[in-house]
Structure formats: structure tokens, C-alpha cells
Amino acid sequence: MLRRVPMAALLIPGLAVLLFAFGYPVAATLAWPPDGDPATVARETGSLLTDPYLLPVIARTVRVSVLTTAICLLLGFPVAYLISRAPARWSGRLLALAVFPLLLNTVVRTYGWIVVLGGNGLISRVGEALGLGRVQLLYTETAIVLGLVQLFLPLMILSCYSSLSQQDHRLEEAARGLGASAARAFRTVVLPLAMPGALVGCTLVFAGAVTAFTTPQLLGGTRERLLSTLLYSRVNVSLDWPSASAIALVMTALVLAVSALSGRLGKIGSTSS
Amino acid sequence: MIAMIRTRPLLSLLAAAAFTLMLGPVAILIGVAFTAGDTLAFPPEGFSLRWFSAALDYPPFIDAFGTSLVVAAVSTVLALALGVPATLALNRGRVPGRRVVEGLFFAPIVVPELVLSLALFQQVMVGMRVTALGALVVGHTVLLLPYTVRVVGASLALADPRLEEAARGLGAGPVRTFFTVTLPVMAPGIVSATILAFITSLNNVPLSLLLTGPGVATLPVEMLNYVQSSFDPVVAAVSVLLLALSVAVAFTTERVAGFTKVFGR
Amino acid sequence: MTPVVELDRVGHRFAAKGTAGTTAVADLDLAVRRGEFTTLLGPSGCGKTTTLRMIAGFLRPTSGRILLEGADATRTPPEKRNIGMVFQSYALFPHMTLLDNVGYGLRARKVPAAEARERAGRALELVGLSHAADRKPAALSGGQQQRVALARAVAIRPSVLLLDEPLSNLDARLRVQMRRELLQVQRETGLTAILVTHDQDEALELSDTMVILNGGRLEQQGAPRDVFPRPASRFVAEFLGYDNFPELPGRGPVTIRPEHVRLLPAGEREADGDTGLDGTVSAVTYQGAGCLVEAGIDGAGGPGAAVRCLHPADDLRPGDRVRIVLPRRHLVELPAGEQR
């Protein structure tokens, strides 16, 4: 390795920008909001965690995020698996199809749901036709979950795919040759080896769901608030800065906790295998 | 392919559900954009391009598009200028506490974008009296930095470190080695990082949400604001235009990237 | 005559967290003369690559000095050392044509473009690849890439050619062929060369001087003709394939090559001066042109009790009684008291 003291110096501009444009502003905002100080923020955080009106918001955020992650895993893993085992002609196109929504912004991707879920939307009219009456799914928790699942599926697919595609395809054949049924081979060979990718996918999706804003804002409205939309209303509507800082703190803590947990799980997984 | 679907019915069903979920709403939106009617009803009433001309006639959208492009371009360049040297140092130099430093460069991903938006609004826009445009550039650069570091780093990690030693052994000093060997080898990674960063910036919502000023807002934020106050199909038309643009960019970069692949290896 | 490369008590110790570190090279003295082909030979981990990289300047010695053309170069960066390095993985620049690859060092030395192109062309011709000058490295086979790497190093007319196991990535037959080409290029250009290898056949064929390293220390040094028949230590003997370390009563440690051991029918006597022992054949492995015969020495026990012999005929079977002859001129004495 070329031993050059100057090389490490190349880090300085990047680190400086991170410090002044990111580290300092975030720390300052979380701890010293206008009209407040760390004590105020601490108090607000406390009330956030105990207020009977606000606590459900946290619960809803976690619930929605967990549901989203689970459904993404359930639907996304098969896609990743099929793409990884598909003949070369198809795998490229399928992957592109799964990933291309990432080219669009969240508003575009979520907006379609308003058409589908609204009072005059598809689902509603199908429901009417079936005699279920007008079904309004918009502005419900279900709508948010649907929207977030749609949003994060490509992410889950990509994560799982990276693990699955690295697997030697002969492994399944070897298992079958040794007498394992297709289901058993899948369960005992493919799944365990795809764990790392799936774990990364779950972490990314959960973190994304906790911090997502546009989708809950468009599909949840003012009725079903999540932490992110609550934060927005505190900033834009009530101008309650200390409360905003408290909410921001809780959100950040949630994401950090999940990252740490998945890091720990990842290590356990790798030492046992 | 058909054989594969037949032998794995359950997985195929789940995969089909996944694709429907992912692509259905977008397809519906595309359909709505061409409606001749006034509402978001689907199936659309009639066929018309009126909402496209409405979209192109709406100054806030045009202005916002310009803002988005400028912010994306500038922040991408800045993120590369900061990230490429950083990833070089991390991959080819001796850095004490390398893991920690790498972690620092990924910190912007861990903090919720809305929080960063709030922070930049309070500390940079209000506190330092920086314009919305400046704050947007700063915020997007910070957001894109982990991407440039990670993507370029991956391409650098794959390259043979002996190449630089070979250049040095042949008499090239560190600067010449960088420009004639290291940079060309990193080129594919830099191209990927550029595209990824540009798109990420262009599509960003939460970070840009609070960083608005008189006449300054990014396109997605402008679209979000519009959607929350009106229910006409204009935004659908804008979406289709953006979609067409993205697909066009994706195709051209595929050509270009293919070109660099031949060039590189 | 000033040696081209001189190592004066050079050592390198890798610092590891918390421990005293690993010594890769210790107290090495080496002098390489102009126009000579020197090989650094030894098993993995013996410090030969570390030594080469120190000579090249990619690694700084933690002790001692390195002199190039008589001047202290210990602190000089690699680009200023005028060395020509050939890597095990060739390290050809994937984004340049062969001609540009070979001319790289010349351009770095600010040689005028036309002259650089011409010299690069000649170097490519030297290795027989001028017809491919416009191709990229990815289009070439391993052996061809090797030649280009060599041409690139030779084009700059370095003080010394440094080759780090250049043939290890080639298959066996190609390796032998490339070995000969390498020697030819070195002779034609008259360049001083230092080659690192773990392959003793390579070292025997190429070297003017062989340097055998073990655990970072110099075990033995000399021309192949001097080193091979007379290993100076048990390590060198084992490394060179001396498979026999019989324990002879009344004598210190000795060694002899299997092809020099002779097996006479029991009862026959050896010539005067040669050592003879009675023994019994314990194993015979047919090898076509002869047999590898293992025979136990009467009355001896432990590892030094068996002798391996390359016997030119297929007339022995396990259990046969033989007279084991160790001819005096092939019996090598090793330093006493060596533990291995």
C-alpha cells in the first residue's frame, strides 16, 4: 500500500462539509430549537412519549412500518428469486421493470393511488358493483401501507436480488440431487443463504417507512398521522419548534435503533453460518 | 421462463402481485393524463392532450423544473468533487479509524430527510440568511455524498491496486498516476454515481420540502403542493412528461455506459 | 564495480496492533551485479516479495539501507528509482492499447512522443507482439499479457528489472516456454534482473545467482551449480528436494538426493570410500522409467531410518534385502546441531 500522509487529507473537504452542513445544523436543531433549549426538547420528548394523543402516532408509525416491511419481504423476495433464476434474456428486462419506478419521484408514484382508492376510484366502484357499497380506502392506514409497499418494493427486490444472484445456482440442484424436494431445497438452501440481502432490504425498507413523508401525507391526510406528517404540521402549521425537535429526535432514534439491531443480527447470522 | 412460472406457482403469484402493486398506480396515472375530462376518474373520459399543454403553460411548474435541474446539476458536481477524493483516500490510502470515517459518510442516510430539511431551514436559511436555492444545493450535496462515496468506492474496490503501483514503478508521479490510471479506471463508477445522484436529487421531496422561497421550489415539492389543493389531472400530465424524460435518459445512458464498458475493459 | 542493487542490513517488520509485529525480513545483505540474473527463492512467507517491494520502493525498510547504483535510495519514491517492475497479475492498464501501455513509462519520463512511440514499438517487437499494438489487454491471453508487461518494463531501460512471480499465473507448459523467452529478453537487453519465485526449476534455469530465503533470513546464496549440489542447511536441502536425511552412526547430519542413492543386491559391497548400509525394501512405486524405492536401514529407528532411492530398474519388491550405497561424492554434510 502506498504510504502517503497526504492521501488521508483528501477526506478533509468531505468531512468539513459534513460537519458544517449536516452535523452542526442537525445537532443544533435537535437540541436548540428556536423558543427552546435542550431542557425544553427533553420535556417535549417526554410528553411525546406519554401523551395519549401523541403516543398512538408513534405506535401507528411503527405498526405501518412493520407491516410495510413484512409485505415487501413477502412479495419482493419471490420477485428477486424469480429474476435471479430466470434465463438471461428475461432477467435483465424483469429487473429493469422492477427498478424503473425508482426513476420517478414519490409524488408521481403515490398519486396513482388517489385515483384507485378515492371515493370515485376503481376500488370503490368495484366494491359498489359487488354490493359492498362505496369503499373509501383513501386516508386510511391501509392506504398508507399500500402506498409504502409500492414505494419500497424495488428496494427490497434489489437487496434480495444481490444476495440471490451471488448464490451458485448449482446449490439447489445439488440439494435436489441429494433427495430434497423443491420446497425443502428452497427452505434449507436458498432462504438461509439469501438472509443477508433480505436483512439489508428489511432495514432499508423499515427505515424508509419510518421516515417517509410524501406517501403518508397524500394517502393518510390529517386523520391518520405518522411521525413525519406530524412533524410537518408542527413546523408548517403550529410553528411549535420544540415539539418538532422532539419528534425529530424520536424518528432519528427509531432509525438508529433499527440499523443497530440489523447490524447485530447480521453479525449473528454470519458467525453461525 | 414459462416453465419456471409453471413449476413455482406460489412464488409466481406473489411476484405477479408485486409487479401489479408497483406498476399499477403508475399505469393508471399515465392513463388519467390523457383524459379529456376534468377529473381524475379512471378509466379516463375521452382522449385529449389538453392537460399536457396545461402543464407546460403553468409557470410554477416550469420554474420549479428549472430549479430542480440547477440544484441537481450543482449538487451532483459538488457531491462528486467531495466524494471521489474521499473514496480514494478510504480505498487507497491509510486512514486511521477507517470504519468510523466510512460510517460518518453514511450518516446523512440515517437521519430522516425531514429532520435535515428542518435543520437546514433553521440554521442555514434563517440562521445564516442563506437563500433557499443555496440551502437546497447544500442539502442535496449532503444527501448525495453517501451515494457518490459508496458507488465510486465499489468500482474502485474492484480495480487492481497494482495498476497504480505499476504506473509509479514506471516513473509516473502521484498526480500523473491519478489522471492517467486511477481516474480512467474509476470512470464507470463515476458515471454510475453521477446518474444515480442526479436522479436522486431530481426526485427528492422531504429534504426540499421546507427549503422554499419566493419563486424557489423544486418540481416535486411544487407538484405536492398542487396536488394537495386541486384534484385535476395536471399533475398526471407532468408525471407522464417526467416519465418520458427519465426513460429517455435511461436509454441514452445505457448506450453511453455500454460505450464506457468497451472503453474500460 | 558498483553493484546495481545493494541491500545493507535491510529489515522489515510489519507493525500489528498490540503485538511486537511480524518480522518479514531480517538483517538482509545482498549485492546484485550488473547484467546478472538473480532469483530470490523460497517458500511462501519467506520474505522474498517483501524484499522485492522494498527494492522497488513500495515498502520502506524498517532498518538498513537500500542502494541503487551506489546511491542511497532508501527514502526515494518508486517513480524516481528507475526500476522496471513486472507484477504477478501483470497490472496492464485496461483502458490503454498495448502500445500506449508499453510507452507509459517513456511518456512519464517526458520522452518526446515520436521517440516514445518508436521505442515502445521496438519493445513490443522484442516480445513478438507488434502486430497487436492497437489492441487492449483484455483481448489477450495470459502469456501475451505477460509479454506486454515485460515489454513495458524493458522499454524504459531501467537500472534493474524486478519480477514478482511473473510466471505463477500461467499453466505449466506455458510457464516453461515463457521462462526461456524471459531469459532471452534479459540476455538481449543486458538488463540486470531480480526475480522472485517459489519454483526451484525456474530459479535453476534462470539464475546467475540464487538467493534462498527462509523466514526473512538469507539461507544460502550462490550460482545454481554451486548451491544445488551443496545445500548449506537442512532447510535448503529440503527445499531443493533432497529427500533423504539418514542417521548414520558416528556421523553428523547428512543428506543425499534420491537419484544418487544406489541399491545393490544384499551381499554385494560398495566401492571404497562410499558409505554402505544393509537394509530392507519397504515400498516400491513404479514410475515408468524406474521406481521410487523406499528402504529401511537395519537397526535404525525414527525418521532417519528410511532412505528413498530412484532405482533405474523394476527388479525390487517390498521385503527384498538390499545393500544401500551412499556414494561419497554425492553425500552432503550439513551443519551439526540443526533443529528442524
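Note that the chains are named A, B and C in the order they appear, and that numbering of residues resets to 1 at the start of each chain.
In this section, contacts are C-beta pairs under 8 Å (C-beta built on N, C-alpha and C of every residue); 3 or more make two chains touch, one makes a residue touch a chain.
Everything quoted here is computed from the prediction, not taken from an experiment.
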Could you pull out the chain whose C-alpha mean position is farthest off from that of chain C? A
Quick check for you: compute each chain's CA centroid and the global CA centroid, then name the chain with the smallest gap between them. B
Averaged-CA centre spacing for the pair chain C and chain B, given as whole angstrom: 54
From the mean C-alpha coordinate of chain A to that of chain B, what's the distance rounded to whole Å? 17
Chain A and chain C, separation of their C-alpha mean positions in angstrom: 57
Chain A residues touching 2+ other chains are 2-3
Which chain B residues sit where two or more other chains touch them? 165, 168
Contacts with 2+ other chains: residues of chain C: 58
Per the touch rule, the chain B residues reaching chain A in their complex are 1, 4-5, 7-8, 10-12, 14-15, 17-19, 21-29, 32, 39-42, 81-83, 85-86, 88-90, 92-96, 101, 104-105, 107-108, 110-116, 118-120, 122-124, 126, 138-139, 141-142, 145, 149, 161, 164-165, 168, 174, 199, 202-206, 209-210, 219-220, 223-224, 227-228, 231, 235-236, 239, 242-243, 246-247, 249-250
Which bits of chain C are touching chain B when the two form their complex? 56-58, 77-80, 82-85, 87, 89, 91-95, 104-105, 108-109, 138, 152-153, 156, 162
Parts of chain A lying in touch with chain B, wherever the complex brings them together: 1-4, 7-11, 13-15, 17-18, 21-26, 28-30, 33-34, 74-76, 78-79, 81-82, 85-87, 89-90, 97-98, 100-116, 118, 120-122, 146, 149-150, 153-154, 157, 182, 207, 210-211, 213-214, 217-218, 228, 231-232, 235-236, 241, 244, 248, 251-252, 255-256, 259
Per the touch rule above, chain B residues touching chain C in the complex are 160, 162-163, 165-173, 176, 180-181, 184-185, 187, 263-265
